[in-house]
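Can you keep this structure in mind? I'll have questions shortly.
For reference, chains read A, B and C in written order, and residue numbers begin at 1 within each chain.
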């Protein structure tokens, strides 16, 4: 892959000035990559870029504060979280070097699992952005990309890394499969009662492991999240529908106008709870009300972080 | 072991019969994942996928009420508020059906910790005594399976009462315990006949799929030798996001929190799953925390399973090899690789 | 071990003593006289104090088994549970789970000199042993107490201290970081860090040293004791960890494969050195 060779080259050149470069390396099987922390020349060759580079490397930035010079290999969607963090002055952009490339989309493990049985039985899966070729229990299978990709890829408008210092390979001209989020649209066809019942059932499944929170690049409170606070106490340690729902709503509310819809929360959820529905709904409202798209312009200010007596995008009813 | 046979059709009838006087936990499709839920109408058991959640929850639920309390004005002295408490021991009888041998084996760690010469936890012990395990041997393996490396295997009977092995048209059934033997006296079971040989072939074939087993026997001393090697642990923990998915889904992780959860003048004291991966787990009242960084927390999780438990309980590895922590980890942290790296690390050091 | 090791016995607060601005001492008795009469413990063992609705927290039983009128706990205000405990008044109900953990080796220490070095709230575990030894005075050699706090107002157990100073079978030295105008008029009142004052006192190193206090104070006190020539297996300390169950199940107070709640809280320095470095 041309881009990968170029990326490695760019990283090799930049590494002497950097403390670490975060990217991806092959994981324990063909369907998994894991984060790679490049600190020396010999680490560079471990870098991989493929349809399983699902982790958003910018989630590790909150551990890297304090003047560390950090390089990041980012997909387009990942780069939006960095822009949002810079905007909120949670990061200093001078400390960052971003290595970009054109992304053809990533695959979704939950969808693979739903279609082919347990993920561990799938021997390999490769995608060119249109078709996925798999080997499952010795048999060759093919499926359209759109049926197995991450939900966010279906509506992706940023297949190329934004505001990067280096860009490797060709830009991706991958177009969104749909302008509208179909899953959300379908969900909103349901009655209020049906929707509430849906969430109650989903929240019953939550185990409060906080993978969603910890995988979120925007959850910067880290070890001091109010979900763990006993004084004041917002949540009971009881793992039940009510408390789980409360936690998930806290998470969504704290991301209003900040969530860049990278989907890490939902991907990290071991129970595959579709919590991105909540975030996409919230981001949609922010777009409608404030004409604001989080993580696309570092000079902007998130709508809930500023105050104007008359919001230009809101028509007052007098 | 005498072997019997039950057809697929009769298995369902058996479950229905068991459900009359037990809560029967079965793996079912649950919002895209497979979890254990009480057998009920419309819930079809899913037996060809490993449940995401582990079978521990039947005897060690995520939330267990230890006691309830109530504040009341003292009728003789209105100035004084009296409090009364009530012990809430569990009573239900349960069956766990369709757990994999690795998951059921997880109970062996609980048994050692919660019910021994020194202490008997009545909540755990009561549930454990009232719960039967009907375990399902594996006929497939996944990339995350390593039961054979930690003293278990795809047909391990540890902690099971009955072991089922999938064969043509149903299951070969073997009683492991006396109470398991009683269960197989039900009318749904026929003599095993040649199904027994078929079952043995399935077990053998699955074991072969797993390949050769890595030897973890020197892991305790190698891990302890690496204890102060911060660089090693930081490298191993670099990708970890410190969530609790690994520990909550683990069949052997038993650590818990105890908190009071009030509702007005009444309330309950609950025990809930806790995770050593969290910052709060060891945070002391003074603000001091012996494990401030994620590397030291990951180290505790790995060491607990591969060093502390084997050291305390006669070399019994505190990991059952089910691979849930690997498979469900958002960052694909692989506990096998970490222990192996610790073992290799010492080799490297020694050869210098 | 009781049938239900996590179920507390009901008890009533008999008396509350305000020790310092953030430390209160609570004297409690079990409601069931039978429980009270049968209750035994050894110096150093701890108990879990419950205020239902807020939770449980671990404290050393700092009264002595030689005086069983009540069980005494001293509580420093630090968090959710201790805040609620500090609101307790005489007559209020609490839950108590005790005794838990190990104890000081009182048998082994017989016939020997004992030097107590306590800092701040760390005086609590020393108090139980000190009172026990004073009540069995003939069993032990020379007893020395060095007790330090930030200021004179931060010294707990004023009543006890006054009594001890009056006795001729115990040497008492007090030290503070921030003295007031009154401080220093008596010869036993010093100014300075505990390890430094300890070196100044220079106790006989053939006996036992028992120390407890904030982690940083313990660290330097251990170094000072080493310097003074105390043997590692005769230096005794008590550890603090976040605890929940107190009976070796919940996991959080582990240091390697040891649990502070059952294998501790009392450890010899020689034992600490065997543990992984995770205090």
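Structure notes:
We adopt the following convention: contacts are C-beta pairs under 8 Å (C-beta built on N, C-alpha and C of every residue); 3 or more make two chains touch, one makes a residue touch a chain.
For clarity, every value in this text was computed on a predicted model and none was experimentally measured.
Note on connectivity: the fewest steps through touching chains from chain B to chain C is 1.
Looking at A-B alongside A-C, one finds more C-beta pairs in contact between the chains of A-B. The geometric centre of chain B is 39 Å away from that of chain C, both derived from CA atoms.
Between the CA-based centres of chain A and chain B the separation comes to 30 Å, rounded to the whole angstrom. Mean C-alpha positions place chain A and chain C at a centre distance of 51 Å.
For chain B, residues touching at least two other chains, in rising order: 257, 259. Residue numbers of chain C whose C-beta contacts span two or more other chains: 79.
In chain A, the residues that reach two or more other chains under the touch definition are 230. On chain C, the positions that touch chain A within their shared complex are 79-80, 83. Chain A contributes residues 230-231, 233 to its touches with chain C in the complex. Residue ranges of chain B in contact with chain C, taken from their complex: 66-67, 69, 71, 79-85, 87, 89, 113-114, 118-123, 224, 227-228, 254-260, 262, 267, 269, 271, 274, 276, 281-286, 288, 290-291, 296, 300, 303-304, 307-309, 311-312.
The residues of chain B lying in touch with chain A in their complex are 30-33, 35, 48-50, 52-53, 62-63, 140-145, 235, 238-239, 241-245, 247-249, 257, 259, 261, 270, 272-273, 275, 278-280, 294, 323, 326-328, 330-334, 336-337. Listed in rising order, the residues of chain A touching chain B in the complex are 27-29, 31-35, 37, 55, 59-60, 63, 110, 113-114, 117-121, 137, 201-202, 205, 207-211, 213-215, 222-223, 228, 230, 236-240, 264, 267-268, 270-273.
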